[in-house]
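Order as written gives the chain letters A, B, C and D; numbering starts at 1 within each chain.
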């Protein structure tokens, strides 16, 4: 139910020149930012997680819930890593190089990286790991994002990727959590159920839907890391139970705090709240093929009928920011700063309804809390605010179970959430381009599609910005989705824990890497 | 006694039929749910291609009856199959959780059954007194609160920073606690369940006993000068056992099969969560496995109840 | 000290409740016709209190739009106001800033209505089939009893989840699904009770008279099976609230923004772990109604049992 | 007797019972004196307060009753002011109780011997072992078969007559000073009754125990009591020693009791040859499961005739009725109605066939739906069979109530619970009449009723038969009833017709041995009857078959 990938603002620097990025980042520490205090080693970190299911599996292609994604980053390394500041930094790949058309990429692997099993990293491991997701019969959730790779060849410690078309953002793709590097077997494939990995911790024990225990990988290649001796990860679905576990000291860290009570949790002694805002956004997609949503004026009426500030205050309890009906977050490279923030305006609602030739509008919106936390409440508030403009919005409660197969993209007006994508292109190409599988509004705009292709290959920074600005404008004004808010990741932890000054915002849990980034204060 | 053995044999055979029908209903029910395993497990990230590939790989494209018959053939040979999601054996998945579910159910039952019997007997003894009405009203109040809410209240009162008990049973999944540790850690979940099931059993005990108090043999016992307590315990209770045993069995079945909410609140790794997760993911072999365990528990408990009720009735044990 | 104060409050509440019960009974005896008032005089204080409460609930449900200070769905203030923060909101506001008191009042209408309809339906289905099984016997009894065995072997909550997901969540479907599942329990009871009645001579007499099945059930058996069924009704009524709130725990249940006590408890339940009493209000509303209903049921049952003490 | 010490003195006893939240006096100032070793018979009809007084002698009042006035002095102890604990200490130890239905009053969950030893052990009179040995001894004295072993059975494994003796033994366990016998033989068959009566009398004499013997049966009390007190509606009518009371009652009420069995049906003319009987039972063999309860039964019932089917419990009388009504299709044979064969199963009979044969049940309590008013109870058959509705129906119901001698205005809207036993039975009759049948089965219709009331019912039935040309099949175990109402008699035993013929023949010797046994076992109003009978039987008369007749 979560997104394929979630990353933020791979900042400023040109991605093409990945090698330079290392140089800059290496001045501080290669994988983090300046530290608040001198880290101390030792201790067992106990983490309580809100998601995780007994149907989880070790196969990286099936990873979906936070429990497994956290496991992924704790046990594994990737070719590239998104640092806490949002920049792309090398991990198992020391450096990378692209051809001029950005269609051929050469990654140079770090040598001497040791797996938990003692196996040493080779280019074959990388090829086998990526191949696991490719091919006709791939069942991997990551199949679409590696579909562009037409060929991979090993050359010593270099791996050469050939793409079907140029993609300037390809190194970002390789940081996707589905793509950990696992040891190749003799036949050139990986064992998808292996517990081996080359990350900071080895799995000591794992029971899906319940918990896992990890022990420090003594041969980890990152100097001095990790700080913890061991990590215990427990699934605690229930909001109250999770918070109680933290308050009573049964766990040191919880990945999700209940927004209804976070203000109370905050007052508990020894508890700190962790909140980061990135690209995670909540939306209400409309099927632009279906009446009445095929009329752009109806869509605009609905967009003006929602009280965004109220939603952020109430549904997010203030932990988030206003959305402007497009999926690009304020922290991203090409965020359109010139686009006026859309406000709640009943007069405009009426205006657009009249334009659409209507006196009033009766529509159903199909929601479940599976769409996003508080979706039903959001629907209720939306209905309240929209009624002032003459829209009778009827909130239909759908079961959580089966929401994504039965309601989402099936009902003409529903709810959705996106963890977002690290690049504008990736986000737009995933859900806004004509005919792509996850175009949840069945929206098609010629100008937008044109811009998408040209911006992807555009190397001129200013031109590219201009094009992305225009695309955001188009989505916001003509697109089929209402995006009222960007939601923060809100967790909480015991003040015995210490962490670097900067916390990654691409994912929960410090980019799911608190295992190697955090430590106990004493 | 042989007629009791015959009854047990008949009921076991009937139980097998029940299990079979349950498996059929659950199978059809899960089939009728929108979406299949491939869609659900891939969730929002499903694309037509990956869904098709996954279906192909797991044999989900076979017609319904072929899959059901395949499963049935395996189960008859004692093979519960493997989880579609992660290839773990269903027997293995269920095994550990079943033990923990049974532990919790036994713990709760060990408190709840004696408690409700004693309260029921006392309520019958002091019927219509303040004690009776108060016990009744408290029991009713406790079952009119949703389980999770009862759990929260108990956590608030008895756990937390200076409480005597841990707010979650996390420590159970962290390792095998010894017996006393277990009693401590699982106390709140067990107490929550106790509050949930006590009222029903208590009321039934009280009603079953009071129902008999106008019997001539009770009057006879009073006229033999027996004390009220002895009349209730020695004379009324043995004859009221059948309905009490029945309601106890129903509640024990509930303790095994119906505790998913308590499991969630107390982070107790039992079968309920496994069932809910598997249904959500349409992981048929696991759903079927757990459903069979639940139905089996229900059938066995009912059978035990009937056997005990029979044994408690001399008319049925010692035929003329 | 805290314990003692609590005990004092409890005692005061009980005394107040009994006093209310007494006043109600006295008043009711005075205003009702002779036949009714004769019955009422026999009511113990607990049952009088129960009747008073039920009447209040019914009044509240019917008059909700008149007595509620705000509308059911309107956002009228900041979210999470405590009782006393603002005199306009006597019980504070909820997580969306709706008036708690108004929501509570409207919820009486929805929750009690739905629970009542559901329970009644479960009883109609369960008792008609149960009586039918008892009276016809033979293969019909076997068929129905075995079917019920099978249905009861499937955990209720999971079964409800399955069915509701298949047929879709709407109030009608929810009522139907819960009623069907609950009716299996009623069936067992009704059948057991009826088994004792069908052997009575007056049933035999009616059969020999050539009475049809429907009349046998409705006129001969049902009136005599009412007492235990009514007692069960009291408990089942309360279990329906629980099922609804458990379903909303699993994301099914009553449609927002309809106010419903079960869902209100669920939505705010986490607050209790911080010592905030907000969720206690709807929970107490359910508990009070349950206890009241069962007090009245107990009284009726006691009367029916003929046990004189 | 009066030279012995006084054991129990009751003065001006008043007891109230609650009905509809009002307290009504049901015992109105009764005095009673009982000496040690003396047996007092309390007789009266239902509602006379006999049992209530008996229980009050133990300081006990049933739920819904309270002792509101007077004194009860037992051997110097004031039972009214004594603490409950003190009274409990007396009950079972010094005052014991023998209930009417031993089958219902033994706890089904415990063995007889455990129930025997409960009182002695709990009252600290004996240890458990002693009590068990004592039980065996008393069981022997009560002439129970296998006294060593019978105590280890559960109540359901023992026959009714034996249970009643075991209960008397249990009452004797602590060798009490006083035993209250509350109709101990009423529920028994006549042949069994004799054994129990003799066993009770022996043991009371042997331990010189005082007893209050409560019964409605004068002939029985005549055998048991030293003196008799007659009660009516909670008040004493008179008291005298037994012989005086039997020979020279002073009060009219007593005299009327003594004169009860006066109803006698006039001899009917013989049936003309060739008349088609209304009902004809032809070669019926029937049973449950594989067991044959009836074996080749044949008899006819003609219009305006009453056929009495007589036998003890288990003889197949009621099963015969079930076959006729079609509730139990026979294995062999058939039922003919006016010469037409009836379908074996009532479900296959036409409405008219059902209408023609009606039934009146023994227990009016279970035969009338307690939730229906008389209007509906009686009106329903008329509505159903005759299509009466509205005013016509109401008229018919009133008419029927008149026929059974109940005031329509007063009764039409009553529930069965608001009627007395005799009135309920009349409603049963009215319901049968409402269908305007040709044939009515009366299943022990008077056996649960007081004699005076039963008398009234019998008269009514006779009257109705003449008025509507009815044919009756009258099932009973009571030979006195047979004498008064039957034209023809069918005697049944263990599913077989032992003897059948016109009444006049049946009550004249020579008898079939079983008929003889039945006839001789009917108690007579002679204090010496039991002694004589026992002597005769000991001498080798019909008594040889007594043991076999127990159920």
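Everything below uses one rule, namely that contacts are C-beta pairs under 8 Å (C-beta built on N, C-alpha and C of every residue); 3 or more make two chains touch, one makes a residue touch a chain.
For clarity, every value in this text was computed on a predicted model and none was experimentally measured.
Novice: Using the touch definition from the top, list the chains contacting both subunit A and subunit D.
Specialist: Joint contacts, listed by label: B, C.
Novice: Between B-C and A-C, which chain pair is linked by the larger number of C-beta contacts?
Specialist: Contact tally favours B-C.
Novice: What's the distance between the Cα centroids of subunit B and subunit C, rounded to whole Å?
Specialist: 23
Novice: So what's the Cα centroid distance for subunit A and subunit C, whole Å?
Specialist: Here subunit A and subunit C have centroids separated by 46 Å.
Novice: Centroid of subunit B to centroid of subunit D, CA atoms only: how many Å?
Specialist: So the centroids are 50 Å from each other.
Novice: Which subunit D residues reach two or more other chains?
Specialist: Residue numbers touching two or more other chains: 63.
Novice: Residues of subunit B that touch two or more other chains: which are they?
Specialist: Correct list: 33-34, 148, 152, 155, 160, 214, 279.
Novice: Could you list the positions in subunit A whose residues touch two or more of the other chains?
Specialist: If we look for residues of subunit A contacting two or more partner chains, we find 240, 244, 400-402.
Novice: Which positions of subunit B touch subunit C when the two form their complex?
Specialist: 14, 17-19, 21-22, 25-26, 29-30, 32-34, 127-128, 133, 136-137, 140-141, 143-149, 152-153, 155-156, 160, 200, 203, 207, 210-211, 213-214, 257-258, 260-261, 275-276, 279, 291, 294-295, 298-299, 302
Novice: Spell out the residues on subunit C that touch subunit B in their complex, using ranges where they run on.
Specialist: Residues of subunit C touching subunit B: 44, 46, 146, 149-150, 152-159, 161-163, 165-166, 231, 235, 238-239, 241-242, 245-246, 249-250, 262, 265-266, 269-270, 272-273, 275, 279, 283, 286-287, 289-291, 294-295, 298, 301-302, 305-307, 309.
Novice: List the residues on subunit A that touch subunit B in their complex, please.
Specialist: For subunit A paired with subunit B, touching residues are 1-4, 48, 53-59, 62, 64, 136-141, 143-144, 193, 207-211, 213, 232, 234-238, 240-241, 244-245, 247-248, 250-251, 269, 400-402, 404-406, 408, 416, 437-438.
Novice: What does subunit D use to touch subunit B in their complex?
Specialist: That would be residues 55, 58, 60, 62-63, 87-93, 96-97, 99, 101, 104-110, 118-119, 122-123, 153-154, 156-157 of subunit D.
Novice: Would you tell me which residues of subunit C are touching subunit D in their complex?
Specialist: 38, 41-42, 200-202, 204-211, 219-220, 223-224, 307-309
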